[in-house]
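Both complexes shown next keep chain A, but they swap its partner, so chain B is in the first and chain C is in the second.
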Partner chain A sequence: MTFDWSVIWTHRQALLEGAALTVGLTVLTMLLAVPGGIALALMRLSPNRLLQSASLGFVEFFRNLPLILVIYWAFYVMPMAFDVQFSPITTALVALVLNIAAYNAETFRAGINSIRKGQMEAALAMGMSRRQAMFKVVIPQAARRILPVIASTWISLFKDTSLVSVIAVGELAYTSMQIRAQTFRVLEMLTAMAAIYWLMGYPQAKLVDWIHRKYGVKE
Partner chain B sequence: MDVDFSPIIENWRFFAGGLGVTVLLSVVSAVTSILSGLVIALLRLYGPRWLSRVLVFYVDTMRAIPILVVLVWIYFAFPLLAGVTFPPFWAALVGLTLHIAAYAAEVIRAGIESIRPGQTRAALALGMSRTQLLRKVLLPQATIRMLPAFGSILTIAIKDTAIATVIAVPELMHRAETVAGQSYRPVEVFTAVMVAYFAILFPVTRGIDRLYHRVAHLGRS
Partner chain C sequence: MNASTPNASLAPARKNADQPPVLVYENVRKLYGDFVALRGVSLQVHKGEVMCLIGPSGSGKSTLLRCTNALESIDGGRVLVDGVPLPTQESQVRKVRQRMGMVFQSFELFPHKSALDNVAMGPVTVLGMPEDKARARAMVLLEKVGLANKAGNFPANLSGGQQQRVAIARALAMEPEVMLFDEPTSALDPETVGEVLTVMQKLAQEGMTMIVVTHEMGFARRVADWVVVFEAGAIIEQGPPQQIFENPTVERTRDFLGHLGWNG
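Showing the complex of A and B:
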């Protein structure tokens, strides 16, 4: 069996665009899923029963489903059930945000709960409103503890964007597999795909380790 | 919009078979992942320096590459290189194990390292061998502390088997795609399968939580 590695160089433009879309999807999803996660965590911690159970239901639902199924569901069911038409990229974004926001919500909730109750009580005793106490005292401290966990979620998200290739979003995995189908250079293209993911993912994994060492909570 | 769940009812045996494959593949790959993770963690902690470097590289590589890419590579590319083909189920088992074992190894290493070093010193001072120390002192305590993490490995395995649909493993997700395509009823099929996955995963996560709360005191030191 002969291999022809030049196919990778010939298609470098498409591969680069795919990689750019992978990064773009990761960044955009996280930008939307962080506020989403904060909102869900605050709902969960609010005194309102209805908000609490809505948040709990959402988080438990999406944490207990395979992401690939959520992607298919968003692609086939969402347009019919809610009578909307989205492009594949928007659909992918919706599915990823639903999933990651649920994980982030748990992270934020755990982070906020990890700040001792006395701090909230002290802030309230000093005449701060609940809102002020939350945003000026609790959240700034919790943020430091939350950062390493968000960094880990980031890595998972970066890898999970490959799943949206099943609904034909032209990110790195989809692009590589398309070129594979057109050129029949299976081994070369799949190896290139793995190598590009590795080149992008490995430094991120190391960066996450560094963030864990710097900010991780030690008991 | 009309709703018609008859394709699911008509094909219930087909779906039940898929569910069986999902459960079998996820349980087997969770077990193989935890066992290989244990070996990797022990070699990383007590093995020679060079081997530990190789294993760190392997673990970080698996953290960097998506499971989809690993599965597709093993199923489509590896046979071209090695001249042997795996049936989809076995390719999925190998791919899932390669990927999840890296994660399991990190969990197990952290679990073993969480036992205070004083215990290791005490055991060695009592004249225990390294093997005895591991088997009688470190692993029993570490295992209990790691129970919730083992539970999440099982849930990760269940969720990741759904990705094995891309290499045509006949598990639940793949069969859902087949029926959705043939019956033109994707809404009903994917909704039903969603309920099925939730019905498996939710009790698993809850059960692990319960179990852990019951035995957590045994892991204190």
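Showing the complex of A and C:
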């Protein structure tokens, strides 16, 4: 059996663009899913029963469905159900944000609950509103405490973006598979794909380790 | 006034007793489920008075303090601040809280802010004061509690006593009319209790109206103008410190003080 590794070099442009889209999807998803997660966590912690149930329902729904199913659902069902038509990339983004926001909501809720009650009371006793106390005192401390968890979610998300290849979003996995299909260079392309994911993922994982050491709860 | 009002000929008159009281508690009741934390407490605090609340743990002292700035809601009776009942609407409650500084047993400094920013934060966030002005004033307050040289430190790098002094400065930054102290030295190492009490005594001498929940009988004896003894959610005796500590009229006050090893 002969190998032809030149196929990677020949398609370097497409692979780079795929890798860039993978990174872009990860960043955009997080940029939306962090505020989304905070909003859901605050709804869950609010005294309003309706908001509580809405948040709980959302979180438990999306947290307990396979991501790939949510992606298919967003692609096939959402256009019919809600009469909206998005591009595959936007559809992918919607599915990823729904899933990651649900995870982030639980993370933020746990983080906020881990800040002792006295901190909120000290802020209220000064005359701050609940909202000010939450955003100036509780959430900044909670954010620091949950940073390691968010970083781990980030790493999972980075790899899970490959699932959106099933709806033909041209990120790294989809692009690699396309080249494989055109060139029949299965082993070379799978190897190249693995190498690129690993080379991008490893530094991020190391960064997460560092964040764990620096910000992890030591009490 | 309770039956324990002292005989005018024996005790000095209560401070500013001729003016309307700053705080009035009228038959205040507080329940936690089935547990009755306050069973109809009535009390008055006058301007410039240092009032110490003493009594066994769980007797309702801290609960009464926390009802004063509506950190706890009450289930009966009234709390009046300058003659006006505590409001229920949040925006109005905030206005009242701004006029009362509170110091907690566990300090509750904000760990993500420096000592200086802890003190400056209230005026900036609540009063909308410009940051540089708030910082300059915070510095003056840190100087007052003897911690100007620790302004840049984060709470984790301060001793318990230092943290509590910063917490006092933080409460003072809102220029409160009344200071509420909830067992301010109970969580401290014995060697740092003194530095906090000294700051509080200085504040008392400047004429600050103070309500202090404390187990420091020496402080109560020395600094308080009026001492209130709690037991099981009720006031069992109140009076000037010399009466409470030297001539308690109620048997259970004697028992409580004796239990602490207080012998006059």
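Here is the rule we go by: the second predicted complex is superposed on the first by the 218 of 219 C-alpha atoms of A that agree within 3 Å, B and C clash if a C-alpha of one lies under 4 Å from a C-alpha of the other, contacts with A are read in each partner's own complex, and residues count from 1 in each chain.
Everything below uses one rule, namely that contacts are C-beta pairs under 8 Å (C-beta built on N, C-alpha and C of every residue); 3 or more make two chains touch, one makes a residue touch a chain.
Fair warning: this is a prediction, and the values are worked out from it, not measured in the lab.
**Q** Under the superposition described at the top, does placing chain B and chain C together on chain A give a clash or a fit?
**A** After superposition on chain A, chain B vs chain C: fit, no clash.
**Q** Of the two partner chains, chain B (first) and chain C (second), which one does A:Val137 touch, if any: first, second, both, or neither?
**A** Second partner only.
**Q** Tell me the contact category for A:Gly57 with respect to chain B and chain C: first, second, both or neither.
**A** Neither: A:Gly57 stays clear of chain B and chain C.
**Q** For the superposed arrangement, I'd like the angle with vertex at the C-alpha centre of chain A and ends at chain B and chain C, nearest 10 degrees.
**A** Taking the centre of chain A as apex, the angle works out to 100 degrees.
**Q** Identify which of chain B and chain C touches the larger number of residues of chain A.
**A** After superposition, B is the partner touching more of chain A.
**Q** Could you tell me if A:Pro35 is touching chain B, chain C, both of them or neither one (first, second, both, neither)?
**A** Touch partners of A:Pro35: none, neither chain B nor chain C.
**Q** Where does A:Leu124 make contact in the superposed view: on chain B (first), on chain C (second), on both, or on neither?
**A** A:Leu124 sits against chain C, while chain B stays out of touch.
**Q** Considering only the touch criterion stated at the top, classify A:Val77 as touching first (chain B), second (chain C), both, or neither.
**A** first
**Q** Tell me, in angstrom, the smallest C-alpha to C-alpha distance between chain B and chain C in the overlaid model?
**A** Chain B and chain C, overlaid via chain A, are at closest 25 Å apart by C-alpha.
**Q** Which chain A residues are contacted by chain C in one complex and by chain B in the other?
**A** Chain A residues touching both partners: none found.
**Q** Taking the complex as given, what residues does chain C use to touch chain A?
**A** Interface residues on chain C, with respect to chain A: 69, 71, 90-91, 94-95, 97-98, 100-102, 104, 106, 108-112, 121-122, 125-126, 170-171, 174.
**Q** Can you list the chain A residues touching chain B in their complex?
**A** So the residues of chain A in touch with chain B come to 1, 60-61, 63-69, 72-73, 76-77, 80-81, 155, 159-163, 165-166, 173, 177, 180, 186-187, 190-191, 193-194, 197-198, 200-202, 204-206.
**Q** In the complex, go through chain A and note every residue touching chain C.
**A** Chain A reaches chain C through residues 118-119, 121-130, 132, 136-137, 140-141, 144.
**Q** Quick check on the complex: what are the chain B residues that touch chain A?
**A** Listed in rising order, the residues are 1, 60-61, 63-70, 72-73, 76-77, 80-81, 155, 158-163, 165-166, 173, 176-177, 180, 186-187, 190-191, 193-194, 197-198, 201-202, 205.
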